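In the two complexes below, chain A is the common chain; its partner is chain B in one and chain C in the other.
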Partner chain A sequence: MSTDRTLAKAASQVYAANLLEASKAKGNILEITAEMEQIFSTVIGNVDLRNTLSDHAIPVTTRQSIASEVFAGYDEVLLAVFSVIVQRNDIMLLSRVAEAYLELAEQALGAIIIDVTTVVSLDDDLRRIIKDKYAAQLGSDVILREHVDKGILGGIILSTHGRRIDASVVSQLENARVTLSKRN
Partner chain B sequence: MAEISANTIVEVLQKQLDAIKTSVDSREVGTVIQVGDGIARIDGLKGAMSGELLEFVAAGGKKVFGLAQNLEEDEVGAVLLGDVTAIKENDQVRTTGRIVEVPSGRAFLGRVVNPLGEPIDGKGPIEAEGMRPVEFRAPGVIERQGVNEPVQTGVLAIDSMIPIGRGQRELIIGDRQTGKTAIAVDTIINSKGKNLICIYVAIGQKASTVATVVETLERYGAMEYTIVVSASASDSAPLQYIAPMAGVAMGEFFMYNGEDGKPASKENPGRHVLCIYDDLSKQAVAYRQMSLTLRRPPGREAYPGDVFYLHSRLLERAVKLSEKNGSGSLTALPVIETQAGDVSAYIPTNVISITDGQIFLQSDLFFQGQRPAVNVGISVSRVGSSAQIKAMKQVAGSLRLDLAAYRELQAFAQFGSDLDKATTDQLARGARMTELLKQGRYVPMPVEEQVMAVFAGNNGFLDSIPVSDVVRFREELLQYLRATRPEIGTAILMEQKISDETSDKLKEAIAAFANQFSTSEKA
Partner chain C sequence: MKRTFGHKAGIAGASAALAASALTMLASPVLAFASEATEAAAESEENPLALLIPNPGEFIPMLVGFIVLWIILAKVGWPTITAMLDKRVNTIKDSLEQAEAAKVESERLLAEHKAQLEDAKKQAAQIIADAKVSAESIRAQIQAKAQDESSAMIAKAQAAIQSEKKAAIAELQSSVADLSVAVAGRVVGQDLSDAQHRKIVEHYLAEAGSFDVN
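What follows is the complex of A and B.
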């Protein structure tokens, strides 16, 4: 892996641009964005996997086959790019690649991707309200990636580009707990 | 205990309910990509600020705080404070927009806390009066005034020749086992009833050593005006790193606030605080560990380039505030441990250059029985003499030079036996004055008694006493003066100088005592 910042950035851009070209052709830009983030999160969250995939002592072909077995079922173009990343020992560039791909994908889609987490699925009305509100605020179209999580108890959590707006019931209860447990 | 009424409950409930924020929480979030050795690397958090407090949310909702240190293009390097093992890769990290703060207040006096202000003495929770930032701007020139009041350490060798003023930074430096902590503890014990709040910060020490210090302070009734901040050797490097800053932040509460807990002013004077950092070498080692694991480039002795700045911004917080700001003071007594007396190592030279003088303790003096093992030849106090009382200046003004001359003569006298009377007398006086400076642990001497003891030596009353009897002579003389002539000590304390009248009385009293003193051998 290159330790030079400029080179690392350039390499990430190359991976992301090629991935985008392929996903554009297949018409699954958004799905790849989600799968890319899942791969990144799995590799980062599992030290053994990360170490194995970047271990020079293990033959490249073995590492590549491990990668394809772990992420079997993911988009084949994405797996092909990931395989090259493993081959070139660029695992530590994964976060940059994911970020660069998201930026390129948003440019290609002409919209900003926002993750929305709620307790129940959004209805059309709420979806429209959120889209309109953020389209006006961000000056761009908005694509919602919806997630359902019963753990938040109620309310909504919106996140995009590392910024998180938390209006969930669980967070507000937590704030109330902290405030009430403070001694006067 | 205050009576609890329905009204009180309603009032408290209203206040707490009003404090609950129902607003939407909007923060930057990142993901932990690597964690280990108390350090976390975080993906994202592009808007994080240097030194910002970060909130790590572990699986299961447990929250651990960290300190943003390295701000890079794609990631942030942070040090973890608290339960390091709870954080794993992929955990969420949020910015808080705050810097690290520690609770402070009068309730902390008499307590032992960790660098986060949490009690570790098993005496229950502490009710804080407020929070103070761990990193705080040192007062500027206009907010200060010159050092003009003494900190009496109760150690004769220090108060007479290396006086420390309130607001000064005086380094205590020496090898291991030379009595550095003993001087610090003696100073705390001697501060009883002198309107001085003491903060003892133990960094990287054995927990048993800290327990011994606390036990000693309790035994001498010194804990009631002391706070002990402990980051022991088993605590993580980040906790050892913030410990001195946490200690000074707790001290600043007293300096910037009056006795009533309200901001200090001309009408509401701030308090005087003494902060002892025992020791800064270990803090530097903890900071080096943190910096290396954060992959910062190593410099001399592998310390990071900003280790000087770390110590200088800590010690700049020692101050004597101007009258307008309440005249409070914060005196710093940093301790540095040298290896085989090498003061030219990186950290000792740094701290020597930052402080306003140093008390140098030497192993060979210690083993020769000269305790405290202060080498008065190379110990200095650059500003303290302006805070010394006049009486002490009168008797100890030339003591330093006399002792220096004695040591020089002593070295020459080893080569020949034919010495003239003047030289022999000078050697005899020097030997007795050196002996006079010996003092036991935990027996601080009030300033008026120090003055009387040095006065006796200067006026030749010790010349006929065998060297081995000098300490006994001093002890018995002071006991005699306390019992039969208490007005002399009171006069010195009240007038702060030795008037002709007091001088005559003192000479007469010492002569009377010397006549009845029985030596263990013929002089």
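What follows is the complex of A and C.
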């Protein structure tokens, strides 16, 4: 079991390193990161797609073509690496590959990547405030990956390395709703 | 039956004796009466006292007849009649004794029956009393059970009402909360400008914790 985990980690590192090298060459480390997370989260979240891509009864070429068609339009290097993952039937390693790539990308960039979600796009002042605050906290430069989501109604959500700060209006309203519902 | 037969035989014997004596008496004087009647009538006309003095010619045969009759009766009639009467007396005595015994027996049976009746009455009274006690006990049990059941039903109903009330209040509260949040969300989402949103972000950032803490 431990050997399996070691092998899985090594394989994930290999996939992540190859992807990083390719993205470095193209100079789109951050963009690749975003697209990679989109593809991986889609596969992980869709049982049918995941089972299809990891089904031994389906020829490898067919599975690869399915992946290419589903994710057409994404970065070619990313799709090439994903195709190899499908070919080698390593779909279960997607989360590990993503984590490994993020670590390698941060090392390459010399900064920690923080995902920032807001209702409106950030302005320079807000970017500076966020960078200053979390660079001081984390002891490293910070790179922001900005996302706009009207669904959070307001406020901000910050996340990095699986840790999350939810200061959105929708979550605070949800907390208020739960508190009101429980009070009796 | 045997006794009845003997009784009849005795009666027949006595009747025969009486018939014999009667024949004896009638045989001798019948002829005398015819001749003597005329003579007596002539004498009475001469001496009235002669009627009171018995005529020896008549008296002696009559006496002899009487004596013969007496002897016959003493020899044949009286023992039969006496035996018959004794038997009759004994029969009556036995009957009286039997009647007395029957009376005693009947009195004893009556007393026994009275005692049994009294005993039966007592038993009936006891049964009725026991039945009353049992019925009272059962009634009390039924009342207590009904009381318990009604109390349990009331408690259950009250608990159900309370539960329903709480559920209704909770549902109402939840609905109010949902509505309030929806209204607040709509107000925040639609009525705020970008600058106001950025202000909110800035405000929340100031209050937001660190990744280490979370």
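Here is the rule we go by: the second predicted complex is superposed on the first by the 179 of 184 C-alpha atoms of A that agree within 3 Å, B and C clash if a C-alpha of one lies under 4 Å from a C-alpha of the other, contacts with A are read in each partner's own complex, and residues count from 1 in each chain.
By definition in this document, a residue touches a chain if its C-beta (ideal position, glycine included) is under 8 Å from a C-beta of that chain, and two chains touch if they have at least 3 such contacts.
The shown structure was predicted, so the numbers you read here are calculated from the model rather than taken from an experiment.
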First (chain B), second (chain C), both or neither touched by A:130: second
First (chain B), second (chain C), both or neither touched by A:138: second
Dominant toucher of chain A (residue count), chain B or chain C: C
Contacts of A:171 with chain B and chain C, given as first, second, both or neither: first
Touching partner for A:96 - first (chain B), second (chain C), both, neither: first
Chain B versus chain C as contact partner of A:61, first or second or both or neither: neither
First (chain B), second (chain C), both or neither touched by A:6: neither
Partner chain(s) touched by A:119 [first = chain B, second = chain C, both, neither]: second
First (chain B), second (chain C), both or neither touched by A:46: first
Chain C-contacting residues of chain A that also contact chain B: 163-165, 167, 174, 176, 180, 183-184
Residues of chain B defined as touching chain A within the complex: 12, 15-16, 19-22, 24-31, 33, 43-46, 61, 73-75, 88-90, 94, 125, 127
Interfacial residue positions of chain A with respect to chain C in the complex: 118-120, 122-123, 125-126, 129-130, 133-134, 137-138, 150, 153-156, 158, 160-161, 163-165, 167, 169-170, 173-174, 176-178, 180-181, 183-184
Parts of chain C lying in touch with chain A, wherever the complex brings them together: 166, 169-170, 173-174, 176-178, 180-181, 184-185, 188-189, 192, 194, 197-198, 200-202, 204-205, 207-212, 214
Residue ranges of chain A touching chain B (in the complex, touch as defined): 5, 41, 44-47, 95-96, 99, 159, 162-167, 171-172, 174-176, 179-180, 182-184
